[in-house]
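Chain lettering (A, B, C and D) follows the sequence in which the chains are written, and residue indices restart at 1 in each chain.
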Amino acid sequence: MIKNIGSQTSIFNQFLSEIRDHNIQTDSLRFRTNMERLATIMGYEISKTMEYVVKEVTTPLGVAEVPVLKEFPVLATILRAGLPMHRGLLSIFDQSENAFVSAYRKHNKDGSFDVQVEYVSCPKITDRLVILSDPMLATGSSLVLSYNALLTKGRPKHTHIVTLIASTEGLDYIRKYLPADEVTIWVGAVDDELTAQSYIVPGLGDAGDLAFGSKL
Amino acid sequence: MIKNIGSQTSIFNQFLSEIRDHNIQTDSLRFRTNMERLATIMGYEISKTMEYVVKEVTTPLGVAEVPVLKEFPVLATILRAGLPMHRGLLSIFDQSENAFVSAYRKHNKDGSFDVQVEYVSCPKITDRLVILSDPMLATGSSLVLSYNALLTKGRPKHTHIVTLIASTEGLDYIRKYLPADEVTIWVGAVDDELTAQSYIVPGLGDAGDLAFGSKL
Amino acid sequence: MIKNIGSQTSIFNQFLSEIRDHNIQTDSLRFRTNMERLATIMGYEISKTMEYVVKEVTTPLGVAEVPVLKEFPVLATILRAGLPMHRGLLSIFDQSENAFVSAYRKHNKDGSFDVQVEYVSCPKITDRLVILSDPMLATGSSLVLSYNALLTKGRPKHTHIVTLIASTEGLDYIRKYLPADEVTIWVGAVDDELTAQSYIVPGLGDAGDLAFGSKL
Amino acid sequence: MIKNIGSQTSIFNQFLSEIRDHNIQTDSLRFRTNMERLATIMGYEISKTMEYVVKEVTTPLGVAEVPVLKEFPVLATILRAGLPMHRGLLSIFDQSENAFVSAYRKHNKDGSFDVQVEYVSCPKITDRLVILSDPMLATGSSLVLSYNALLTKGRPKHTHIVTLIASTEGLDYIRKYLPADEVTIWVGAVDDELTAQSYIVPGLGDAGDLAFGSKL
């Protein structure tokens, strides 16, 4: 199931316009802030689908009944580009446990690439709710590999995949390789094209570089 | 029109439970943070009702069409208790102009009180959208006076009143004294009772004191 | 006593250069963030002069002796321009009680002006340490009036006045009208000139307008 | 060269007392916030040792000469425990490029352990200034390995190592294995003991677990 947050007009699209804008991208602080704000909104929309239990809370003047989260989700993110989104999600799910996964594109001489998974730090995830964030869903292969890397640590009850911009091709890939009933995909926008170098068009460029600088 | 954000379960209610909880209230940093988070969510929900225009944004790889805010709202708040909510609203409407209003309860010897308006700093608001934040809507008299204080500076196109906890009585008062077609009221929760000292029950106590300390 | 934080090179001056820069000023979010960062640094430098008591802290593995603040200062600020600085100070003195003072320049027909104090919200300050923040110290008259407005509520043990940019003339005025042994003045930079309209040159313009928008 | 920020009383030690305190540690949001605040202060103190160039800045009213950073340092951190400190450093060096290194303790059957380096994402660092953050300096072996992992990408002009709590033994190890003239070590506190499991005593426990939850 795919849910497109950007299809309903809201301030969400304002932030999305800013991270796409190559002039505004020169301010990396604002770029990171916008990724955080976008992820915070997406986390809030996801929270509407979660389970709550009514808790009796003692105020200075009485007792109130308020629904609180039954269980905090595990916040998983893909290094390094996912870190600002993770930060946004953690700002609202502040009691969550967290997982970090690193995956990279290993380029071959012929221009093709493999995705290499290097690092997984992960709490118990079996039977838990997981939110996995990655800003760009280009081919989808890195996300599928990261998801499978997490599965080596346990089997979540359900996983919400959160991505800011997805390509049509990437979404097709995800639908093909991830179990439809165990995964919900939340996107901010869907772009049609993918370059030969697997960049989304119009997209925004390389989210990791824009947030943290180029790497060797 | 009254919109109750807390009536749909979401992480919003988690934060609301924390600001109500007299144990968690001892951490004033968390109290302020929760007021910010609550106001941010309310601002986001309000943003869904605003007008957008499609903008062509040049990315490093192409051109994207993204809806952006037609005009940023004016963010008005009531001193001092409204400052953390204002901060949350400003974190998403970061290009907004801002208004600050101070109003206080002047207690009379017989236990009754008048609301005194002291300070108004305000941009042009005529024909603009205004979001007016005040954490607690108890009797409603202070909010009506603050609203009227703003009106001395111009006539907004529409005003969204944002309050975390409202009393039934306060909402009735607002409906009676504010023009229904020019005002939308957003609340996080509605509590039934009001003490003789005009505190909401169960409420959360004095939001200003909890955020900023007692005052002489 | 005057302490000039900007006279020692540090990242402080980077932020100061940004709030002065009329190109960077167009980003009001960054302007407010920079005021916060500057105030945070100034608060940290002031904290070096405060009193501490050694506390035994139980860690998961033993007991550590750590010096903690003997008492949190009261954070007072002048509305509305001081709010971002107050925010920065509160981010490090997070258990502080807070005071808000509003003062404005009432312009006369002949171009001169009086300072009008409207609003004071203040905790007990007698025998306590107070940090009073105001971004621009132009003529100094508004600061002296705000200080005197606070004094109507009690007599602090000592007051640290924190200002980002001061004029030479304003500092002279402060030295003349505030008690030297009860006040320490912390500045980020000292500029030489003052226009006929009492703006500091080169200064940065109107800090309140840059942070919150123009006002009627 | 070792610089102990905690040896001068300041609000720094307040935050240090909070991250050590096993009662306050139950609030992971505050734990992360404190790590950020501590790293921000350390970054500011480090910034006093950096090089600046005077820049002419055009204000709305004139031209000011302000010293600005000659070059932003590269901010390197060790996953995952270093992420909150990295966040604090990035909040003041907001134009910096960033490096992430992952290293972990691979425990052997006999209770000893090796440090395994898995992941390095790194910009050009040759002839640049690097700040490498890691909250706990226990044996020092993981830090030395991470430093050497960075060296595979280039040779920095100088590296500032930033750690919140160091053991005496760890500092000795660092001094032995890192080049004294190319490295400055900034610590918040020095603790005497190290358990057989290489935890610092009294220390604070496992910084990564406290910030992000336990891991499998």
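Note that in this section a residue touches a chain if its C-beta (ideal position, glycine included) is under 8 Å from a C-beta of that chain, and two chains touch if they have at least 3 such contacts.
Quick caveat, the model's predicted, so the values are computed rather than measured.
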So chain C and chain D: same face meeting same face, with over half the numbers shared, or different? same
Write down the chain pair with more C-beta contact pairs when A-D is set against A-C. A-D
Taking each chain's mean CA coordinate, chain C and chain D are separated, in whole Å, by 30
Whole-Å distance, C-alpha centre of chain A to that of chain D, is 27
Hey, how far is the Cα centre of chain A from the one of chain C, in Å? 40
Residues of chain D touching 2+ other chains? 29
Provide the residue numbers of chain A that touch chain B in the complex, in ascending order. 8-14, 16-17, 20-23, 25, 37, 40-41, 43-44, 47-48, 50, 52, 55, 57-64, 66-69, 91-93, 189, 191, 193, 195, 199-205
Which residues, counting only chain B, touch chain D once they are in their complex? 27, 29-30, 33
Considering the complex alone, what residue numbers of chain C touch chain B? 28-29, 32, 79-80, 83, 87, 90, 94-100, 102, 118-119, 121-124, 153-154, 208, 212-216
